[in-house]
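First chain A sits with chain B, and in the next complex the same chain sits with chain C.
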Partner chain A sequence: MIPSAFDYASPVSVAQAVGLLGERSLVLSGGTWAVPEMNRGEARPTVVVDLRRAGLNRITLSGGTVRIGTTCTYADLLASDVVARHLPLLRAMAAGITGGQQILNQGTLGGSVAAARPSSDALAVMVALGGRAVVASADGERRVKARDFFRGPRRTALGDRDLLVALEFPTAAGLRSGYVKLKHGQSSWPITTAAVLLGPLDGQGQAMVVLGALAGTPVVVGGIRADSPVTEVELATRQAVDSVSDLWTDVLAPADYRAAVAPVLAVRAWRKAAVPAEGRRS
Partner chain B sequence: MSGTFAGRRQRKHNGGEYLTGQVRYTADLALPRMAHLALVRSPHAHARIAGVDARAAEAHATVVAVMTGAQAAEVSGPIPFLLDPAGLGGVNADVRCLAVDTVVYAGQPVAAVVAETPGDAAAAASLVQVHYEPLPAVLDCEEALADDAPIVHEGWASNVMLAGSFGPDDFATVAAEAGHVLAGELRIQRSSPTPMETRAYLADWDPVRNELTWYGTSQNPHPQRYVLATALRMDEHRIRVITPPAGGAFGLKMHGHPEETLVAVLSRELGRPVKWVESRAECLLQGGREQTHQFRVAYDDDGRVRALHDKFIADHGAMAAGAGWGMAFVGANSFPSGYDIQHCRVDYTITVTNKPPSVGMKPFGKDSAVLVLERVMDLVAAATGLDPGEVRRRNWITSAQFPYTASSGLVLDSGDYHGVLDQALDLIGYSRRRAEQETQRAAGRLVGIGIGFEMLPEGADVPASFVTAYDSATVRVDPSGHVTVLTGATSPGGGNDTAFAQIAADRLGAEPDQISVIQGDTAVCPYGTGNLSSRGLVVGGGAVALAADDVAAKVRAVAAGMLQADRAQVRLADGLALVGDDASRSVPLAVVAKSAYTLGYVFAPDIEPSLESTRTYMMPNVRHLPDELGRFSTYTTFSNAVHVCVVDVDPGTGVLQVLDQAIVHDCGTQVNPLFVEGQVRGGVVMGIGAALGESISYDADGRLASDGLKQYLLQRAIDLPPLAIGHQETPSPFSSLGAKGAGESGYSAAAAALLGAVNDALRPHGASVDALPLSPPRLLAALQQAAR
Partner chain C sequence: MSHEQSQLTIRLNGCLRTAPVDCRMLLVEALRDRFGVTGPKVGCATGDCGACTVTVDGAVTKSCLELAVAAEGTSVVTLEGLADGAELTCLQRAFWDEYAFQCGFCLSGMLFAAQDLLSRTPHPTDAEVRLAISGNLCRCTGYDTIVLAVRRAAETRPHS
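What follows is the complex of A and B.
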């Protein structure tokens, strides 16, 4: 039960939505973060801007770019042929979202990205896929790369009067991917995640290994290529973990645990991605 | 005991109401002019209250009143204790419905705000300005015992509420002869009962008649009435307590909470109904079970334990008026579980700290005795090379030894632990599992198998308290032949009401689904103590049986007159009174009932023409006079179970998966096996959850950090494998139904089996764990430490 008074708006266009934003507004996409926080009195906006009628729930493919509107739910992602074919890593992540059908039907990718909770699945996957946030404001529309978008725990490139309207991803069709998430039981939020994308990225045989829920923002593991042996992946991940200054801790697991499991998860995600090429794993 | 209905897997007699959403829980109730209560709670673990400024709150929309602790203290007294530690030589402190000049835990109610809507009350509560002067707080029980520790309760010489011991102090002597000694420790974390339905109370004061009707989630309606009368300084007979159907209790809802009294105080002051519904975060303030044990064991070459000495400290949190501290006492009293160890000594210390108070939670401390004993047996098995099941066999009380007087003084009634183990090992396929384990280990998997045995004393009678080993029931047949059963025992949602219908149905020849069972209304139900200590079915059912037998005797007498038969030949079955098996000489029960009331002088002039009886059943095996060693026996039934658990621990992450769980329980005669299994399943899930990760945590300032079900993780249906459940029936020789309490079953053995399985999984790596919860960080750390 929400203990504070607020106005509710349900704009039918992006322009209308942007016009409602301010210092004390709160944007609602699926509501799975916003509503519980309002219930607990942690968020006390004066106006709630509900995006669900603003036409932001479409998934389109155009010229090698997949565009996913902010209010697309995880269920929408799982039902989408475009996502299945072009962003299998995103689909794998969506399939493991905690909370069952109710959360899949209600939670949105855009909402998770805008909320930027370090424990969310969405952040590391967005970075791994080279995604960009499409941001609308009174000054028009701009695009922000994932790595620049996430600034810290719950902090993004979105200002008070900015609206996330979509996420864009280059097609990853033909690339190999693996996603592993560690959590303490079915109802737990992620403790540490590893997202791997392998293949000829930019024609240089690069590999993306991104760790989520490990630090305040996703951690990219550098220094590996698509043909790196697994031992190098593990070593590179350890080095990346050691250089992190803001390891995440919460009531479910301390920082040193996440640091210990991150290399293990990176290797497992790597193996999932690499299986077609290697043929078998020991 | 067998009958047409008792012993059967009967569905809830009123299940349709639940499935169709017709049941009214306390939070569903609404009365005209009802107002809503929100609480202002202390953000400090320890502080003086210098002043309360309610002006901003009072000015908020729809606020009716704000009450401070000082104001409440003018019109109410302290809340009487459910169990008073001073009665055992300990210390107590007054507990009131609102803190007056000091707060002793973060979350303690300080002021009350009443408004027309719950939202307005909550919003106004955040506007109440309380001026605190923080005091040094102590949040750890070992620190609380230090000489220079801040004292939690003013006037106490230390932070020890109560300390004591059970059993002979002869470990050293026996150890010298035994040959081997090992030592160990076990740390158990604080967890929380988390029923699906949180607490809720609705008080309705009638200013014309000066009477109170109080609706609430209380496990004990009649004792609750006494508690309210005492705290409100009014006559008990002017209070009616009604406890609507409950959505689970697990001990949380035993009386003594401040809000129970507070709603009544406010309703009386305002002359209108006042309602309060607990939030999940407030509910998670209630918890307990936090203990640290250190033990030493003396055993011989054959793995026979000769002596056990356990010392433990319990962290109770701040003082409360509920039953929380009793868990440490009962835990100590439950050693050495079902093992034949006469030289068993337990020393316990219950400390207070500036954390929220402990609340009584199933299985009320017996879990700690089980966890320690099962750990002991596994350690002895590891030291001697014996199979863990074999060690247990060698140490258990055998069937022939019952009734068995334990070192604690408890007299255990009956059991066949060896039989339960045989069945459990068969159910899990133990030999096959051990063979598979060798293969799995060779492949690098950490698979473990653990055995957990629980022996649970139930049905306590505590002198000078409302914890009783008796209860009462009224059985009534009206002129239409309808049967109504009214009991002093209540149900926390476990279904004893259906069992009572089955018992009455058998004796009166009626259909359980046609019987009305009324519980939880002090105006119409005979005096009883509700539900606690797993005694509802045993003594409540015993009382129903007595009362139903009385009424059945009268029905048979009248029917005999109508059928011109011998009273001894008349049977009641299938809605008829009949002579022997001769259906042609029968009369419907409805007709007999009507005749009893209108033709009594004709058919049975020697019988009082009222088809109603109220009887009280008392368990006969309570001993409140000390024996030659000064010991008491306050428990009346002793159920038991063996669980076998198979787990897989991920060596890279410490994440654990329960692969399989087999359970064989023995609660004596089962009146309704369906409900017993429901209790067992629930207990298992609760025990596994607590052992794996349910952990209440606080920040450095003593504020609750695990304040929601995303931080306090319960096991979900998809977390666990299907549970294989078997049962054995070793009836109680003392209870009239042969039944033993089953309400606390499952938790302890499941937690112990899990701990055993984890240690079995880790042993090849030289790692071990002796603290709960068995979280992935803890298991991984154990493996990493062993690897160094």
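What follows is the complex of A and C.
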């Protein structure tokens, strides 16, 4: 039993949910992190605002933007044709979420983004895809770019009275993608992740490499293009790692280990994106 | 808003049931302590071990990650709702025949994870079985007999 007392609320609209937020409120999306945290006494809210009846569980495509409601679960993402067609990188990430079908059914992308745990899969992928957080408050709705949203370990642009209602992504159909994560046990949190997006197959265009669980916030690797050779990708990743001042350390791995594996993972993810699956050795 | 005690009504293993719950209770605690079904176990209470797995509205769920009050109006199936009286399900029979459990603590969760897999993938590969039970820990069997049991169930269960 959760040790501290709280009021439980299950609002049926965003306006109702926003009205309940305050300094000591806790928003429940999937609950996979927040509920055990309360159970351990690490979070002691006075009000728990359960979003799951607030109608935030839809995935829609409109004008080149995919909008994913905060309470969409990883299973919802995997069942979505829109995600499969327009955000294959997000789909690849969701397919590798740890914890079995139960966690796919219960965990939510919005909850992971709002919790902003450095070792989460979701953060770097959100940055790689150029995602935006749709934030509601009493003053109305605003959008925050992923790169501005993550402020530090477990710190985001969300204030006490802000509610994350959805995530928006520009469609990435036609872009090639690769996602790789290192973990040493099936049920482990990731030690470091690499997300890669490459422009169309003509060899030109954009390239995005973002490393997760490496630092307090996702690390973007700059200075590479879709036609860069892997040696350049590795070098650019090393340079990006060297410039990080807040390398992440936890019980799974120290900072220098994460720094050492990051370039290897970046190259693996790059190869996944660059080489069609049928031409790959593994 | 609810504070402290409130009434929770769920359809539990097919029967409509109501019990008083504290809003601080986890679903697994309410199932065991208020509704008297002890199939779901409290292992880690962090969502890692899967011993508390049940289905909520048909979806396999770790019931230690849910507040009991959040389950209002849902349909919950626990281990007690699987067998038809004394008649084990095909999957339970396969676990029995393959010695796929020893202490039994993980068994309820394993059965739900395996049942969920077989409902989506009637003839899974061993790799698919291992992935499907990756959210469930067993500290007795080393998993091999569990994989054998799921394979046996896939071979023997009736298909519609």
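Miscellaneous remarks
Here is the rule we use: the second predicted complex is superposed on the first by the 271 of 282 C-alpha atoms of A that agree within 3 Å, B and C clash if a C-alpha of one lies under 4 Å from a C-alpha of the other, contacts with A are read in each partner's own complex, and residues count from 1 in each chain.
The working rule: contacts are C-beta pairs under 8 Å (C-beta built on N, C-alpha and C of every residue); 3 or more make two chains touch, one makes a residue touch a chain.
Owing to the predicted nature of the structure, the values given are computational and were not obtained by experimental measurement.
Residue contacts after overlaying the shared chain place A:84 against neither chain B nor chain C. Within the superposed three-chain model, A:260 lies in touch with chain B and out of touch with chain C [touch as defined at top].
Look at A:2: by the touch rule set out above, it reaches both chain B and chain C. Counting the residues of chain A that each partner touches, chain B and chain C differ, and the larger count belongs to C. In the superposition on chain A, A:41 contacts chain B only, with no contact to chain C. In the superposition on chain A, A:186 makes contact with both chain B and chain C. When the two structures are aligned on the shared chain, A:32 is found in touch with chain C, with no touch to chain B. Contacts of A:247 after superposition on the shared chain: neither chain B nor chain C is touched.
In the superposition on chain A, the residues of chain A touched by chain B in one structure and by chain C in the other are 1-5, 186-187. Residues 118-119, 122-123, 126, 281, 652-655, 692-693, 697, 705-706, 708-711, 713-716, 718-719, 775-777, 780-781, 784 of chain B are the ones touching chain A in the complex. Note for the complex: chain A touches chain C at residues 1-10, 20, 28, 30-32, 35-36, 39, 47-48, 50, 52, 75, 98-103, 105-106, 186-187.
Chain A makes touch with chain B in their complex at residues 1-5, 40-41, 182, 184-189, 191, 251-254, 257, 260-261, 264-265, 268. Looking at the complex, you find that chain C touches chain A at residues 1-4, 22-26, 29, 45-48, 50, 53, 59-62, 64-67, 69-70, 72, 113, 116-117, 130, 132-137.
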